[in-house]
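All remarks here apply to the structure that follows.
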């Protein structure tokens, strides 16, 4: 989830989620950045309203991780 | 064999050859039971199958001879002869053939001596019959009938024949008067030959609901994998974000990281903890003041 | 489940789920393809609304949708 | 989701999820393969216990949000 | 939430959650770092098993009300 | 419910929940302490496994209790 | 959770939640107070209607409980 956290961090900081920015954040955490994953993430986020997704998560019962059976 | 062949009249010889050709020219050969299907319906079925499958009716002995002459695994179809057999030739997928034939089945009135394909139920309610001997006929087969408003009325819903039981003459008569058509009539596929194997109806009947469930299951697996491994796709990116946000909130609340976004969650958590302890204390004699609850 | 995955892959790729296509996908993954299973799958899916089945899965996220046999 | 299905297919077929294999499967389904996405997929799955990840329910916020309505 | 995202990013990257590391990550995202908040974060997380905490549901009161409707 | 919060605070701080300690906490918050209530609370909590009660509250809600009011 | 307990204790006692007050309560319970956490708490609570948050929490339901299954 490192890549996602990096994106959320940028979003919360009011910064644009670009390949460059995501890479910089990941590097600052000592992550060995894989360009392909950054690209994939940024591409996937292009069509998403992050704010909305975050708010939906707030509504969702957080139990998410529930080990399925 | 050759000698025996000579004894076949010309038309029978031609018939056998035609059957053999049909088998050789089609990847799928089905064997169906035509017994009891009215000629008019056979016409309908043929019309429905046109372009997809060809029904070849012939005498069982001639079909058997053709199968024997061809030999090999296709001859195993003989074991599935039942009643008045016919062959069906198609280029279609055998599973689809089975479905097609099921779809050509229609409901027909029951004849005495036939086996109920499912429970035959006579529903309660008014009928159009005027009082008369019909009431006695109903009662003889266990259908409780009364007269109401000058018409015969069936008092309660009754199962008159259970699945698998024989439909006797009296019941068949009553059912036909009531317009109940319990019989599935159509080409029943006894077996289908395809690429060296003979498939039985059990093998050919596909459970579409089960298939849909598998699709749903596979889709949720893919969804899970995408989210759990944080592989963003258009479909799952929202869920992935949600997951990350939830995780962050969980950690924040659990650890007591006092951030604006989650402070209300932390308050709620503390409040619930307080309540839990308060209730436990109350159960042991500590009076709670009203504002606690 | 390989056969199902192959079908879903084709569906997601916007391709028709034909015997030929399913077989090609399975072979590409090194699966020893059983023709009868492919045929059964294709025939079954003719009457299955895949989109609907997928959406059902999305709404019932609990992994344990249980492999119906 | 094509890429995910390709990975699942390979996993079920007992094949390794390599860039080469994923690409082959996607191509067989007529997908115009994006190398970066393949790379991202393979990289992301490297340390993942797929069996576990498949069966662990990932709450879809969408779904979750629904009852709120 | 930037601070928490930064912490989780470090955690996921296998790095220690120290004031220094958190600060570096936040700065890389262009956040104007408040030392007190970093200190508070690191102190709060000191004795917490993050892996466990991640999966432990934090009741969202908002959501909660909804199902009742 | 100041008295309960005081007890929880002590519990979390790893301190014993004695009349003296509870009284001290309450006073520090400017509460006019009622000795009898402190006594009753301490006596009542003697047999309560606070840790367990807290954990239960964290996962499932106590909401049910509300109607009691 | 000590810090939040202290804050709620003050709130219930009708006292203002200031750094000074929180610190005093925590100290009275023998907590080794970390100034940064107190600051963070007071800052986070600044614009929060505690009464409302509490009431929302009271409504909070089982959401979380769901997981097990």
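Here the chain labels run A, B, C, D, E, F and G in written order, and each chain numbers its own residues starting at 1.
FYI, a contact is a pair of C-beta atoms (placed from the backbone, for glycine too) under 8 Å apart; a residue touches a chain by one contact, two chains touch by 3 or more.
No experiment lies behind these values; they were computed from the predicted model shown.
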Please state whether B-C or B-D has more C-beta contact pairs across its interface.
B-C
In terms of CA centroid distance, which chain is the most far removed from subunit F?
B
Could you state the distance in Å from the CA-based centre of subunit D to that of subunit G?
43
Cα centroid separation between subunit E and subunit F, in whole Å?
29
Per the centroid of Cα atoms for each chain, what is the distance between subunit B and subunit G, given in Å?
60
Check each residue of subunit C and list the ones that touch at least two other chains.
1, 5, 8, 58, 60-64
Which positions in subunit B are in touch with at least two other chains?
218, 221-224, 230-231, 233, 238, 241-250, 256-259, 264, 268-270, 272-274, 291
Subunit B contacts subunit F in the complex at 269-270, 272-282, 284-293
Subunit B partner, complex, touching residues on subunit E are 1, 3-5, 7-8, 37, 40-41, 44-45, 48, 50, 52-61
Contacts from subunit F onto subunit G in the complex sit at residues 1-2, 5-6, 8-10, 12-13, 15, 21, 24-31, 59-61, 63, 66
Spell out the part of subunit B that touches subunit G in their complex, as residue ranges.
256-260, 263-264, 266-274, 291
The residues of subunit G that touch subunit E in their complex are 34-37, 39-41, 53, 56-57, 59-64, 67
